[in-house]
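For reference, chains read A, B, C and D in written order, and residue numbers begin at 1 within each chain.
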Amino acid sequence: MKLWTRGLYRLGAVAVILAAAWILVPRFGTESNLINLLRQAFLLALVATGVSLSMLVAGLDLSIGAVAALSSCLAAALIVQGHVVLGILAGLAVGALGGLLNGAMIAKLKLPFFIMTFSMMFIVRGLALTYTQGTSIHGFPGRFTWLGKSFVGPIPMPVVVGAAALGLLHLVLTKTTFGRITYAVGANAEAARFSGLAADRNIIHVYSLSGLLASLSGLIYIARLNAADADLGMMWPLEGIAVAVIGGIAFSGGEGNILGLVLGGIVMAVVGNCVNLLGLPARFQDFFIGFVIILAVLIDHLTQKRGKVAK
Amino acid sequence: MKRFVRFACLALVGVVALAGVALAAKDPKDVHVALVVKDLTNRFFVEMKWGGESAGKQHGIRVTVLAPEKYAVDNQIRIMEDLIQKKVDAIVIVPIDGAGIVSGIERANKARIPVFNLNTLATGGEVIGFAGIDHVQLGRIQGQWGVDTLKGKGNLVILEGTTGASSAIERQQGVTETLKKAPGIKVLASTTAKYNRQQAMKVMEDLLTRFPEIDMVLCANDAMALGAKEAIKDARRKMMVVGIDAIPEALEAIQKGEMAGTVDSNGFDQGFVAVDLTAKYLLKDQKPPKDTLVGSGMATVITKENALAFDKSKTEKFKKFGIKVD
Amino acid sequence: MVRLTAKLRSAFSGPIIICLGMIGVFSLLSENFFSLSNAVNIIRQASVLALVAFGQTFVILLAGIDLSVGAVMGLTSCVTATLMLKAHLAPVLAAAIGVGVAALCGLVNGLVHSFLGLNPFIPTFGMWGMALGAALIITEERVLTGFPATLRVLHDGEFLGLPAPLLLVAAVLLVLHTFLKATPHGIATYAIGGNEGAAHLSGIRVRLHKTLVYAFSGFMAGVAGVLFLARSNAAQAIDTIGYEFDSIAAVVVGGTSLMGGKGGVSQTLIGVTLIATLRNGLNMVGVNLYLQLVFIGVVLILAYVTENQSLFHFLRELKRRLFGAPTSAEEA
Amino acid sequence: MAEPLLKMQGVSKSFPGVTALSNVDFDLYPGEVHVLIGENGAGKSTLIKLLSGVYPTDEGRFVLDGQEVSIDSVRAAQEFGVATIYQEMNLIPELTVAQNILLGREPRKGGGLLVDADAARRQSAELLGSLGQHIDPDAQVKALSVPQQQMVEVAKALSMAARIVIFDEPTGTLAEKETAALFKTIRLLKAKGMGIIYISHRLEEIKEIGDRVTVLRDGHHIRTLSVAEASIDELIRLMVGRELKDQFPRRRQPRGEVALELSHVSLQGVLHDVSLTVHRGEIVGLSGLVGSGRTALARVIFGIDRPDSGEIRVLGRPARVDSPLTASKLGLAFLTEDRKALGLFQIRPVSDNIILAAIHRLFPRFWIDAGRERAVAQEFVTRLRIHTPSLNQLVQFLSGGNQQKVVLAKWLATRAKIFILDEPTRGIDVGAKLEIHRLMDELVAQGTPIVMISSEMPEILGMSDRIYVMKDGRIGGEFAHHEANQERILKCAVGG
């Protein structure tokens, strides 16, 4: 019950924001803008999945941006040679591998997630730059840019891919044993161990998945930009946290869901979009986002209180 | 622990005493010049690095190229401080911000390490010379070309560089100068995309929905132009996109007809000239001229017609210095 | 004999070993690294981070976290600069106001966190956005320069031949250390971090205390912001972004537990020194930027590992984990 | 009789949704121990939390020797001389004994700015001395044993110049000997003319330590009577409002083949050459003092700690149990002592908590069938009479007894073949206690063996078929239930 009511509150809030934007901001409602809004929202949500998954197990993955950069640069190197499928697979593999390393060090060697992923961020970014030597890899075959540029009816491919990935993730989290164990580990890792669950293995899988999704976002981005740079996703960890927080993923672990994440993505996208549509300087964006975060969390806080009362 | 500290202090004193007598060597092998650029994740500065290193090779001196991992002037100051400690023979600095870097240069002055200022003019401190491209001029070339090709009327969007960065301000200044003389041209929006490709793509997406009619986009560097052009492609719109810097990727885009043009800011020569002059100063005491203007590789906008030729000449030059281009 | 080695091991714990190791390596690779002037240089560079990290230490001792410091530093330096340029205030006054603003940001963090019981990540991260936005707005994203050099004394000045930042940091360290170890409030800080409920039941005003600690963290970020201004002699909103994570890293690598209740400012100083020495050394040796990043990451991990489980154990563990052995049965 | 030290009149308190206390009267005389009993949720804890200023009171008067006072904060309570020793430890492990005792009230120097460490050390030493304890004031609390920690808490109470000391389930974590020591201390406080409020679920303790006893039920004051005239059965009746004849329902039966066998198991410094056998169809009681290695043994059996030597045979086959994962795969179940930290997923719904341990058995094919999940959860909720508004209720909102039932359900769902229950009924009310005992009896009736660790002598004696007594990590002795009695076990545990 409780979780549902909270979901509804958030849905309502987003509806209000959208309505307000629609009325107040010129050209907000136009088809082209909505499409581009949709695209930005889903890409943000996708980027945030990496951070959110680690948050679900009471961790935090600061290395997603760097991992995405490295994996997409390596992938790009293969793709420009025409090995599209191979490149994509390699990219995803590298991402998952990076995540695996994070997870293993955190779960098995008990490194604090902060130190591990923070250091990982440096290491991986460094490797990516060493590989590209600071020049971009560009000129992809259409068979690849298709991933970021083509449309399904009016819907841009990134939205389709993003929606598919998020939907799949939603199923995995709600309808599978892996999902349940993930929430359990986030709620109380020790209890999970003492209940005979493979908590450590779960944490490793979660971080690997987070790395995998990061590299997927990376691939979509380079397909859109039609070029891969080693400085891809510098701000992703912070953007991801913002989306996750607005989406109601709890830092304490074990709370939050994908629906919230998508809503968070929409809110972030709307804020940025409106700032540009209103012709305000970019600088207002950060301010509003910080503001929205507090606001979202306050709403959440109140509804949570309700939840307790409702017992 | 205590014991260690005492030992460390003794050791320090000893080393300092020895280090007392430093001798200035004229043998090129021992001459060490450090080139500090803004950022090494950007092709333009990578070419500037190549230029510097090539000049170093010619003189047979040692050249180290450094850059901050974060685009912030304080980090450049930090690097300069470290180089001062390292007692390099000279520092060539490409300030992220002309005013912000001053305290760094002053520290070098205090340590009597000659500083050569490259590309972006520092507003204070003593430098043995400045070499650089005239950013205002680059802006003028770009703007004028825009005015001419639009035949004096049309809708224009401008993507500025990182707000506050002097190169961005100057390039913008050049553009606006020329546009003032063309009242027929309407500037719909002029906003920053932080010299960054991702940023530019996002900003452009929003601008495209905001303005149904855009004829031309002027970008303060090619990275932004390339980002913008992708956004335009996705929106299935057509308009001319012009950049600055003439990085290979832009040249390809121009040949493909995806970008209308770009202006060469000649990173390689800038790097080369700066290190060359500094080396001459160190080895042969030749005081470099106060200001050296590095010509743009081409005094006009590079378009489909001359892009190929320009690209060739450039790769020729790189080959000459034994730089292998991907 | 055994006791002596034990003593040595405790004295030369984790980060210190790494520090000494680095100093050794860098001294071999760069002739000018091991010199008094470079030591001073490192101290100058470390001073800003040290001040932020001290504030962060208090927050982390409470098992909290303050993500806003980086942005708050920027806000402080921008406010101070603006006041000097536009309102032509006396630098000292301007700085005071700047620090005041920072403390206010911290206070808000503290209030939202402790009185609404929100996870500290959230208010402080929200504050990150708002402070950064505010700084960008008042500076219109420009770099502010050309104000009286009065403040630069803080960074460039010398007293009795000692660099001002050294004295500043040393003084702050001394005060904070005694505060933590020898005053009721210091003990209360450890108590709250160790067991909040118990602290409350012992009559400690937990919420008030927490709020003040966050305000203090903001205050320290402010001071650091002013020192940063004095150092670079230019104010820009985004320049200090990143200090939030750097400071946390410094605190944790130093050996203060993210779980709270364990650690202190002296440990943090070690962490800060380690990071500063590393960055300086890499430049002195002339390692290229790309590899520098890799080194920084690796050393941070090593430092933490050696600090918290002797490298020895770490390797044994690693071996055990990798080549399936008793403990890896969970994978079975 | 003297003036009452404390009178509480018409005290009421309600939380959103629930009325915790309605119009309760309570009084306390100097030099008496007033015992407070009642089932979980009866309002005991609420009452003392009001008295010690943790919650504000809705209605009611507090009269402290003659004059009315309002206790609006923990500090206020302390200033009125009310000190509370809570069920869960309230010390800070990282701080020293002295720092803990005087926390928040440190002796000052340097113009009140600095803590006078020497004075603190002296005062703490004195306080502990007056309790006949010799604990180093500079020792870190985390280095102390459980009973020592409790003595530190008492010393802390004394340091507040307390006139009223509240003990909330103090013996929960103590074994008999330590309990005896604590009672000695309490008598000492009585002698000093303090008033003691004593809360416990262990009715047999009341006779030993109490003067008067007040029974609460569902937030109402039921009756206050002198311990002399109160019989255990009557008290139980007053608490649950219904007859509860036998607290220990056991149907003895012939034991089956060996299910679990430990031979010469040792763990550096904790366990020494422990050998024991558990047969199908029997409950084996593990008795002994806290820290005698009972829990350590359970942890070894369940693979949390790895023994240095010795062999463990499960269902006849030698087993290398090196993690809870393998343990549960082998059909072992371990209900831990600390249900909050190690047993429950507080922020997850009841249904999740019930199915999680069995998740791979119930859903071997990765996908979770929602219908099946609810069915299983519902089955246990009904069978164990877990009181919850719905299967989606978050466990954190259930009462202690029901939480314990959920943990038990979690293990029952795994169809484990051997159960290890560590303090299965600690801190839960008589009603729930009985139900859990019934479940244990059902289990063994079906042949499933149970190893039960308990510090409650009656439970050990009442439930076990065989009893192992542990002492300093060794098996001190073994008794069949008919030959066991309080004295023999105690003698064995204390080793007189």
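Operating definition for what follows: a contact is a pair of C-beta atoms (placed from the backbone, for glycine too) under 8 Å apart; a residue touches a chain by one contact, two chains touch by 3 or more.
Just so we're clear, the structure is a prediction, and the values are computed from it rather than from any experiment.
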Which chains, if any, touch subunit A and subunit C both? B, D
From the centre of subunit D, which other chain's Cα mean sits the farthest off? B
How far is the middle of subunit A from the middle of subunit B, if each middle is the mean of its Cα atoms, in Å? 33
Could you state the distance in Å from the CA-based centre of subunit C to that of subunit D? 42
Which integer distance in Å separates the CA centroid of subunit B from that of subunit D? 70
Where subunit D touches two or more other chains at once, the residues are 323, 325
By the touch rule stated above, which residues of subunit B touch at least two different other chains? 40, 163, 192
Flagged in subunit C as touching 2+ other chains are 140-141, 289-290, 292-293, 330
Inter-chain touch pairs (all): A-B, A-C, A-D, B-C, C-D
Contact residues on subunit C for subunit B in the complex? 11-12, 20, 30, 32-39, 41, 44-45, 139-143, 145-146, 152, 228, 231-234, 236, 238-239, 242, 279-280, 283-284, 286, 288-290, 292-293
For a test of understanding, state which residues of subunit A touch subunit B in their complex under the given definition. 27, 30, 32-33, 36, 39-40, 129, 133-136, 138-139, 149, 156, 221, 224-227, 229-232, 272-273, 276-277, 279, 281-282
Under the touch definition given earlier, write down the residues of subunit D that touch subunit A in their complex. 16-17, 302, 304, 323-325, 327-329, 334, 336, 341-348, 352, 355-357, 359-360, 363, 366-368, 370, 389-390, 392-394, 397, 410, 414
For a test of understanding, state which residues of subunit B touch subunit C in their complex under the given definition. 1, 4, 11-13, 15-16, 19, 34, 40, 64-70, 72-74, 77-79, 81-87, 97, 99-100, 102-103, 123, 163-165, 192
For subunit C, which residues count as touching subunit D in their complex? 178, 182-184, 187-188, 190-191, 194-195, 197-205, 261-262, 326-327, 329-330, 332
